[in-house]
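Mind having a look at this structure? Questions to follow.
Think of it as A, B, C and D in the order they're written, each chain with its own count starting at 1.
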Amino acid sequence: MSGNTLGHLFRVTTFGESHGPAIGCVIDGCPPGLPLSEADIQPELDRRRPGTSRHVTQRQEADRVEILSGVYQGVSTGTPIALLIRNTDQRSKDYGNLHETFRPGHADYTYWHKYGVRDPRGGGRSSARLTAPIVAAGAVARHWLAAQHGVRLRGCVTAIGTHELAMDDWSQVHANPFFAATAQGLDAVEAYMDGVRKAGDSVGATVYVEAGGVPVGLGEPVFDKLDADIAHAMMGLNAVKGVEIGSGFASARQMGSEHGDELTPQGFASNHAGGVLGGIASGQDVTVRIAIKPTSSIRIPRRSIDLHGQPAEVVTHGRHDPCVGLRAVPIAEALLALVLMDHALRHRAQCAGVWVPTPDIARG
Amino acid sequence: MSGNTLGHLFRVTTFGESHGPAIGCVIDGCPPGLPLSEADIQPELDRRRPGTSRHVTQRQEADRVEILSGVYQGVSTGTPIALLIRNTDQRSKDYGNLHETFRPGHADYTYWHKYGVRDPRGGGRSSARLTAPIVAAGAVARHWLAAQHGVRLRGCVTAIGTHELAMDDWSQVHANPFFAATAQGLDAVEAYMDGVRKAGDSVGATVYVEAGGVPVGLGEPVFDKLDADIAHAMMGLNAVKGVEIGSGFASARQMGSEHGDELTPQGFASNHAGGVLGGIASGQDVTVRIAIKPTSSIRIPRRSIDLHGQPAEVVTHGRHDPCVGLRAVPIAEALLALVLMDHALRHRAQCAGVWVPTPDIARG
Amino acid sequence: MSGNTLGHLFRVTTFGESHGPAIGCVIDGCPPGLPLSEADIQPELDRRRPGTSRHVTQRQEADRVEILSGVYQGVSTGTPIALLIRNTDQRSKDYGNLHETFRPGHADYTYWHKYGVRDPRGGGRSSARLTAPIVAAGAVARHWLAAQHGVRLRGCVTAIGTHELAMDDWSQVHANPFFAATAQGLDAVEAYMDGVRKAGDSVGATVYVEAGGVPVGLGEPVFDKLDADIAHAMMGLNAVKGVEIGSGFASARQMGSEHGDELTPQGFASNHAGGVLGGIASGQDVTVRIAIKPTSSIRIPRRSIDLHGQPAEVVTHGRHDPCVGLRAVPIAEALLALVLMDHALRHRAQCAGVWVPTPDIARG
Amino acid sequence: MSGNTLGHLFRVTTFGESHGPAIGCVIDGCPPGLPLSEADIQPELDRRRPGTSRHVTQRQEADRVEILSGVYQGVSTGTPIALLIRNTDQRSKDYGNLHETFRPGHADYTYWHKYGVRDPRGGGRSSARLTAPIVAAGAVARHWLAAQHGVRLRGCVTAIGTHELAMDDWSQVHANPFFAATAQGLDAVEAYMDGVRKAGDSVGATVYVEAGGVPVGLGEPVFDKLDADIAHAMMGLNAVKGVEIGSGFASARQMGSEHGDELTPQGFASNHAGGVLGGIASGQDVTVRIAIKPTSSIRIPRRSIDLHGQPAEVVTHGRHDPCVGLRAVPIAEALLALVLMDHALRHRAQCAGVWVPTPDIARG
């Protein structure tokens, strides 16, 4: 139960460290017969890839994925799909001085206490680089979800530090380096980000993801509710400190007569629930918002201790994202896809064949 | 994988419906030798019990717990601990009219679509009544955590609707009906709550829970991080729509030079992390905040549909909490205890015997 | 991972001790809509019940099962089904002297070393009494398997000590106290068993169980093969020391040209495989044979040690089965049903909708 | 729950097909600090390697293992250990004709019905080649078991077809091509095997494995007994049709006064139990015997059907083991190591710190 597997029926086990020879994952439980090749996965990895603008880490990784198993003649066979990504641009010397101390806000201190041994190069296992296999696995899941249920996923950055970003034009998301679903105010954000980077500092962000076309019924009471499993996946993403479903924290200030989404034959009248009622998908859009803390590795000197508990100063010189929140969008989408995929299989395991006379109003 | 079990090594499986003959749980994996009797569990149940003030549901349930197994001569034997609570005050006729329609904001609609059959009496399986076995199991966990590691858990309500509650006097928590850690402004809250109740409406709340004395090292990368598992447990609690760890959503507006908690030989200089770094406990207090939506069952008429998809009006007459957030405090503490307990066992499974020369600065 | 749960999707968690207040189980994952009442379960418990002839233990237990949850208006709701059986005929004084010593061949010694505490009354958790909840859960599984897939299960005793029993007339199984599928040679067996009992000794047995109508395709590579999970379930049954599938140990002496079952358009030409090829059901009868050791609790004095490691003599006076193998038949059937049920759900989770042009030759 | 993972705390997930680009596994849960390199794993793989004598398959695979993650500076870090073995000697054309038909006794028919798609080259996922990653993972487990608990594992072939092999000289096991723990009668076996091979037929075998030094206490009631999990692992090994613990099927013919191993201050007086009592290790040698069926792929023509259900004749020309039982010895040892390793971690998760005054008599 060492925690490196996500999902119960669509199970993704990742492996690898930032500066080891390779990273990757094994997907167990993929239904057979899904058309699949590297070309279905690579585009998602490319969206997450480092080095694509000056606002993200300058590490250059091709992140080429190789399918090692589970696919024969272009379709999944139902056996484990192993995905391999070789590391190519490790600059471990950047981390030489980190062997002896701990970065504030970083997993250095806790990994050391937990395991008594750690790979400090690039954060080792705790590196955000380990989200690449998650994105790869998520590509398989969203491929199946789209084919089987017409599920559509998308996401965007809604705030960078104190800069709020509108969500008024989804066509813009890939037209700017900030994953912003708007064309408004990006110049200000660009200047702001340049300032953060030049100061050697970093900044937080909020990210929004949603899934449309989710079949009513996905999710399990009492503990493995759909929203509970989404919260688990999202809070497990590096640097995430908060998760909201639907109206989220705003719900706490609402009255019941305002929050509860009314039902009509034409559909739900609102979506405060974020597509989940009692832990089970209602058929409305599943909406999620996450808070991402600023990157821990910064060039501004910070107080810390060394391996012997003595005071030390830490300055991180490696190549880091000044705002890890930016590249979180494709990862959060992938995580949402993985949770939905797992619940799609869980649901049909127990409830295949269930039929009710009530129309699914969310499908219109 | 039907989702009714929480935990991997300290496993709690609950059963029961609001108006069935009994509710309860089976705890599998409790270490042997823990002194345990009903008297260790009952006080926690009493804190959660309905009917204790006019601000909560008037259903009268003694919630007497019976230990059916796993304890011999006053200590746990290491075998499953089954806990049984008989239901005694069901008034199912209150729900007669709900057979034919769906309450807005409630699991009625989704259970129906998922299972094709549902027990509408008191919400059946989706009732908040099912948190009683969670509290009972949590009592066992906190008992062990206190004895083994000196872990201390506490919680309070920090906002009711738009009323913020200070957190300035923990001795007050059980001295008022609002689980408020303050003596300030309670008259206003009382009047506010009376107004909500008389209007037949309900209101949301936020709850804060923390655990002190958590051993450094608990938590697993990459997916089952301590905070990820806390988020899973909390978001799985009825009516929760948001979860924050440490600075939570405020982190998104912070700079790295502000957020990252500096380390000194005397301890961490701040706790923005909320006691978790890289998914692993740092030894600082684990701090969690959750948002709880207003109760779905209200007396104000709402639009809905019936089993055939036709328009219908819903008014709920049963006995309900006007603010489910109030009674959420002991439940959230119990969930936090269950997650910590599970991770304590997971940690020693893999890492028993690990020793490092670095002092645990959080322990002082 | 304390081991008290069987199954992944149809999950049975048992609880209780031989002389505690109650035993029972929680079934999580049962599909909704299955007609179910105590009357569907009780007959299976009655087949396993003690005290029915002089050849089994004289303990009198009504073994009345109560459904606590998961069933509403006569059908399963998809939520956990909790089953409770109160213990009524504990005679714990029979075990007074066993607090201080260990019975040869019994779990006394190992439980003591594992847990440091044990409930010695009637064997506590290790008692064969704990097979009652397994039989109860198995009744639910076989009920669904019969309704959904037409699966038929049956079993019999094929040897008692050195007495081999023919398998030539299945109508006899419930017409004699030995679960023998024959009317031949029962007088000799009866005399033999009387001798064993009067001598205060016990004797082993072999049991055969089979399932017909199992859908082709059930079972998972590589580790959770159908036969692997059957072996797990059967070897976990008290006193079992060996498990065979199909030709079993006889396969080791066969040639490939003899063992491999040929396929014809009219069906398989033989069934050496026991209905499983590569871990996956072929559609032929799944056939299993298990070896059951003689009861450990006997009246003949045996050498042992006490809690301090000093020599001691042990004589067991409680009420025990002289041949536990007899009552193993309904239990082994129940275990086979539970494994098949779990795999039926696992299969449809991953492979629902798979279609091949090749006829299923085992169905004829 | 697609079944490609073994273990709960020491989890091994394998991937790959016989003729795909690579096979391998991910080990999650290995304790940190274990000295480990490829040199600790390769020797075990070499013992299992094909092409080492004329009595095994002539396929030439170097089976070079590469550690991709989880090891830093020569010790395990506690993060997942990924092991990769590239396939190098695929001759897929040998299998061309098998696309259209099913080999008797082989998984061809069942994979096809289960998944609707299959990789027929070399048996695809069902190939015995997939035992290589198991052996590699087992090497890690036995390495830890030896270092931590002094556990010693060994195994041998005890029968080939109708030829029984004595177990009188363990030094011989690696001195002959039959994994025989004897120097007696090997000429006859050699001649016998030559005959089988020349006839284009195959033959079954029995294999014995044992583990010494197993700590008392390993194993979990009620379902995941140590022997149950051993049976699961062994029956999951390709071609295994029977599993015995201790006296196995002979127990069924014994009396209780013979079978139950007496305890003395100097140790157990016998080991009919095979080192497991009530599912928990007694500290005696854990002894296991398995029956392995003859290889399904033979050159003798057999009746079968084609993909359309029409009669067909099958002759297998690929390179196959005339007796798969031979190479099963290192695999069975590996599986036993994996089960013991998993239970060692499970035991300390729940029972770390348990102490009893009773001496462990099995340790002498």
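A few notes on this one:
As a convention for this text, contacts are C-beta pairs under 8 Å (C-beta built on N, C-alpha and C of every residue); 3 or more make two chains touch, one makes a residue touch a chain.
What you see is a predicted model, and the numbers here were worked out from it, not measured in a lab.
At the interface between subunit B and subunit C, two copies of one sequence, more than half of the residue numbers in use are shared by both copies.
Across the two candidate interfaces, C-D and A-C, the one carrying more C-beta contacts is C-D. One inter-chain figure worth recording: subunit A and subunit C are separated by 45 Å, centre to centre, where each centre is the mean of the chain's CA atoms. Remark: subunit B and subunit C have CA centroids separated by 38 Å (rounded to whole angstrom). Centroid to centroid, with C-alpha atoms defining each point, subunit C and subunit D lie 26 Å apart. In subunit A, the residues that reach two or more other chains under the touch definition are 1-5, 8-9, 14, 29, 32-33, 78-79, 114-116, 125, 221, 346, 349-351, 354.
Touching subunit B in their complex are the following residues of subunit D: 1, 9, 29-33, 78-79, 221, 345-346, 348-352, 354. Touching subunit D in their complex are the following residues of subunit A: 1-5, 8-9, 11, 13-17, 20-24, 26, 28-29, 32-33, 66, 68-70, 72-73, 75-82, 84, 114-119, 124-125. Against subunit A, in their complex, subunit B makes its touches with residues 1-6, 8-9, 14, 102-107, 109-116, 125-126, 130, 159, 161-162, 196, 201-206, 216-217, 219-225, 227-236, 238, 241-265, 269, 272-274, 276-283, 291-296, 298, 300, 302-305, 307-311, 325, 346-347, 349-351, 354-361.
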